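Have a look at these structures, which come just after this line.
Each of the next two complexes has subunit A plus one other chain: subunit B in the first, subunit C in the second.
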Partner chain A sequence: MALLKLALRNLRRNRRRTAITFVALVAGVGAMVAIKGFINGQRRQILENQMRGNLGALQVHKKGYVENVLGSPLTLDFADTPELRAKVAAVPGVKAVSPRIEFGAQLSTPDKKPLPEDGSELPEADRGITSFLMLTAFDPALERQVTPKRWEWLGAGRGEMLQSATAEQLVLNDDFARGVDVPMWKAGAELPPIEQRLAVLAPDRDSSLNGVNVVMIGAIASATPNDRRVGVISLGAAQQLLRMEGRVTEYGVDVDLKLDLEQVRGAVAAAVGPDYEVHTWEQRIPFVKDIVETQDFIFGIVSSILLFVVLLGVVNAMLMSVLERVREIGTMLAVGMKRRQIVSLFIAEGIVLGLVGGALGALLGWAWVSYMNSKGISIPAPGAKVPSLLRPSVDVLFVARAILQATAGAALASLWPAWRASRLRPVEALAHT
Partner chain B sequence: MRTLVLCLVSSLAFAAEPTAQEILAKYDAVMGPGTFEAQTEMTATREDGSARTYGMRFLKRDADKFRVWFSEPASVKGQEILRLGDNAWVYLPNLKRATRIANRDSFQGGDFNNADVLRVNYTADYDAVLVPSDKADALTVELKAKSTETAYDKIRLTVRKGDLQPLKGEYFGTSGQMIRSATFSEHKEFEKGFVRPARIVMQNEVVKARKSEMVTKSFKLNVDAPPQRFMQADLGK
Partner chain C sequence: MPHLIELSGIKKSYQLGLTEVVALRGVDLTVDVGEFTVVTGPSGSGKTTLLNIIGCLDRASAGKYVLDGIDVSDRDFDDLADVRNQKIGFIFQNFNLIPVLNVAENIEFPCSVRPGGEDAATLRARVEKLADEVGLKQYLHHKPDELSGGQRQRVAIARALITRPRLVLADEPTANLDSKTSDQIIDLMLQLNKLEGVTFLFSTHDPRVVKHARRALAISDGQMVDGALAH
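So, the complex of A and B:
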């Protein structure tokens, strides 16, 4: 205790130097906490966009679907019965259920000009194009309760959402629709003649080619990574196209987020039985794992450099302090202070510096994160064109760890200056000027 | 380089060994003769073990004009395909119109490519060199795509020595991976002097459980193929 008091007093002796080191520590640790908070917020943003805009909190599939998602998942479908929907909806915490079909299709746009009478070819620029894309089919009234962000993103795009569960309409990603120049139909206007509509072609459940005439009624702005070659179509039109009347490939499920999602997942899985599999949204998006790993790696490097620079400052300050106090150390050694105690004294000074500086920095960082969390930062999620609110957050454990790192680091940084101090010879030290 | 190749080619000709070009020309003549009409059946086996048989009639005129009419099963009855050079259309009865389709599409959910069935013109699409064959009484050529527009990046084609009838084809994608392999068998004289394999089994090498078998029921050369059959407006008529 006496040691601590002595350390505090020593730190106060050269206030300017202590203050500079202190500020460096506060800024370093504060920045570390703030950056971490920002990264966490960004991660949350990606995940929430996926949950509220693509997947829904939970997804119910036929057993084996997710494993075979690249194969021919249309055969791993199930009958969409009122009983099954009721079973899922009855689970406590489940707020809404939306039946969907996910499938790959080919979009064929009409030629921009009629074919020449003489049988010659149209110039390339006037020909319609064919393009592959992934389609999600749903009933807009049900889907809106599960992934309301689609409607938000449509607002940042063009046109309208599918008008009914059976509409022969299509909503595409805006970048994709502009890229392949898909004509848009204004809701309410007279439908174009059949040969001027879009055709969606796809192998049906038995892999026989089938098609449906549709119009594009809206375009959704890009909001999540990897969402360019995608679109949505009404469930009815898809079931007709794929010859899957009354059948779907998945249920999107909205869940009360105040409850533990994993627990609700378990309850839904128990309710639908062993023929089905239930996943949470986090389990369905592997690319988020890559983003998280990259971010963690970069954050690790940045925070290491930050800490290293700050601690170099601590080393320098402590060394200065040792050199200034040579005579004093000589006196202490001469009156019988043990070398071990000299080491402890300087390390204690480092610890106090690290603890107070680190704690204040972490606190400031945390305060910024908390303030921004309630206010929100309006920037697009990575890979998105739609602005959304980023809410930074850090957990208490990270804050505590940052303080601990600063303290331990400062102690470590004082080790060499302290050792040098303890190695002084009393006689020479006393004679030092 | 060019003279070297020419020297090689001529020396091979002297040795009475067919050149890579001759093998390609023979393949095109056998698999994609100028004008013909054929009745075929394709059975597609999918990864879940289910199989489906499609009945179809082909009509070809000149090098690059094709029509296909599907008759079986009920779900595809009335569907038609027209191909003119680089353009392809499909007519679906429930769409009541023709729409453009991509060239690389699989042919009715089977493992044949539109390009395998409708456009057989290896001489125009690929550069070929003879390579050592793993079979004793066979010759193998390696085909390299001349442009990125072709269905495959590389093909290894093995033909019978003597009559140069195709035995085996291995088809590679841009990554160098084998995508499909074909076995040609039951070589049959459909018309006097015209021999062609009556059975082709196309094995999907990516999803091994998938394969398609095409059996030719009849094959008539030099039939009447009026030009109006190869107009987009004729689809569905």
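So, the complex of A and C:
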């Protein structure tokens, strides 16, 4: 009699108990897969927002830029030449390159009313406001290929994106724009007089303060927790402001994500040479890695507790099974079954429970994740005001690992009941009533 | 010709709480091949303990036990499992069939736990032959709960014989059967004893069963009282 056949029959013996244990396993493993799918979806959402809406997959800087980013980053600029762009663009996997300048600036809004003719001061409520913010300068035609999410988010905000690479326009975060009451200029309308425009002031690479007058043409809705005091400005206006004609501080690079990002990063670094440094989006914002690690840690604890509770059910079911079958175990021992065979029998029962329950749970979890992936869950990213669809996803390897964990766990959970069964003395087991 | 069973100075005591219960007080006994022997005695006399020790289901506290030329007194658990599997067949008072297995599977079970063993077709042929001998050929695919008490005990007898044992031990095999069925079971065991030459040793306190035995042993207070009584 094959052990497995006997194990299967024993599991069918008390169908209600087996069913309850199965349900616990199915629910536990199904929940594990579903939670993992949800976490993956949220991770993907963060990745999409940061990579496709802010940084680009890769960033090329002058060597030492990232280390010096809080000091005087503008001194670590580089000439934006067609040759350099071509070198980056020629790397296999690179889909687009967008030159940028990142800089800190001061934004002054115009007074809401003209100065009183009697020479008195303008009431504070009517005065313009000066605020600090971080600006990213780019050519919208190129940037759209690297961070297309900015355009999506603009749709949830107000107005339009920069009209050209040289337009004296900026686009601010909508919360910030509303907070400092920045007037919006409607594209196509007559430009306001100079004194009614916004003034952007910034120290150039030699620390000399310079200014440029611009209009706000659009306001982007917040999509990430750290994007309030930010805005974008045309590359030409920024170069004029910073006296950096023909120079930039970085290239944002879009990459085919089917390829290994780290490998492409290495290839780009090799292409641009040792005077430059290349970072992945994750390297630039380590908090995302921290979030991922924290999520993994919490998921590890939650799934361990879940599995532990489920496996306690398996232990209980197997112990009950041993207690119910004491005389039968005695008979098996009497006719010559050895202790290790008794252990194997109960472990086989545990393995079948774990394998079938785990597989069914993983399948249901996977089905839920797949359904939700196609449908999408409308949950904004943390801190975001942009509507965003979270699409849970889980890879086959994780599903297989969940089944394996359930099977191995159930086998392990059966070990103690199996050991207890095998330690029964035939004479006492046969006399058991 | 050597004896099949040789017990000398077998003692057995249990610890029941703080009290030591002496079940066997030095039993000397020999049983030869082919015997059909019954052990009688009142409840608590020690006959089940004696059969448990002879069946290698329990160990003696003292004394020596040689079964079929093998001193089994100091064998470990797995060795004793092999001895039971290869040399002894068991028939229990409560039949002790495995409920999830059908008749054929119950009969072949002792062979299926052996490592290696004979091929499935040969084993199944022997199972069918034995089932035929005990009158259960048409019940091979029935589960134990679909059988009467007498039929279940017939399955147990076939299971005891499938390993071609040297000895079949039966502890009160007719205790849960009506008198007619009891007679049929005893007749079957006698017939198999004659046909197969298997040694039968069973315990009972039913006088109607004792009359069928060719040798009767009496036990009282853990001691053989009359030695061997031949009919």
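Basically, the second predicted complex is superposed on the first by the 392 of 433 C-alpha atoms of A that agree within 3 Å, B and C clash if a C-alpha of one lies under 4 Å from a C-alpha of the other, contacts with A are read in each partner's own complex, and residues count from 1 in each chain.
Just so it is clear, contacts are C-beta pairs under 8 Å (C-beta built on N, C-alpha and C of every residue); 3 or more make two chains touch, one makes a residue touch a chain.
What you see is a predicted model; the values in this text were computed from it and never measured.
Bringing the complexes onto one copy of subunit A puts subunit B beside subunit C with no clash.
By the touch criterion stated above, A:Gly336 is placed in contact with subunit C alone, subunit B being left untouched. When the two complexes are overlaid on their common chain A, residue A:Arg243 makes contact with subunit B while staying clear of subunit C. When the two structures are aligned on the shared chain, A:Glu195 is found in touch with subunit B, with no touch to subunit C.
In the superposed pair of complexes, A:Asn213 makes contact with subunit B only, with no contact to subunit C.
Judged by the touch definition given at the top, the superposed model places A:Asn10 against subunit C, while subunit B stays out of reach.
In the superposition on chain A, A:Leu306 contacts neither subunit B nor subunit C.
More subunit A residues lie in contact with B than with the other chain of the pair subunit B and subunit C. In the superposition on chain A, contact of A:Gln106 is made with subunit B only, not with subunit C.
Look at A:Gly128: by the touch rule set out above, it reaches subunit B but stays clear of subunit C. The gap separating subunit B from subunit C at its narrowest, counted between C-alpha atoms of the superposed chains, is 74 angstrom. Within the complex formed with subunit A, the residues of subunit C that make contact are 52, 55, 57-58, 77-78, 81-82, 84-86, 90, 92, 94, 96-101, 105, 108-110, 112-114, 159, 163. For subunit A in complex with subunit B, the residues that touch the partner chain are 71-72, 75, 106, 108, 110-111, 115, 119, 121, 127-132, 194-195, 199, 201, 203-204, 206-213, 243. In the complex of the two chains, the subunit B residues touching subunit A come out as 44, 46-48, 50, 52, 54, 73, 75-76, 79, 84-85, 87, 90, 92, 94-97, 99-102, 105-106, 108-110, 207, 227, 231-233.
Interface residues of subunit A, counted against subunit C in their complex, comprise 1, 6, 9-10, 12-13, 327-328, 330-339, 341, 425-427, 430.
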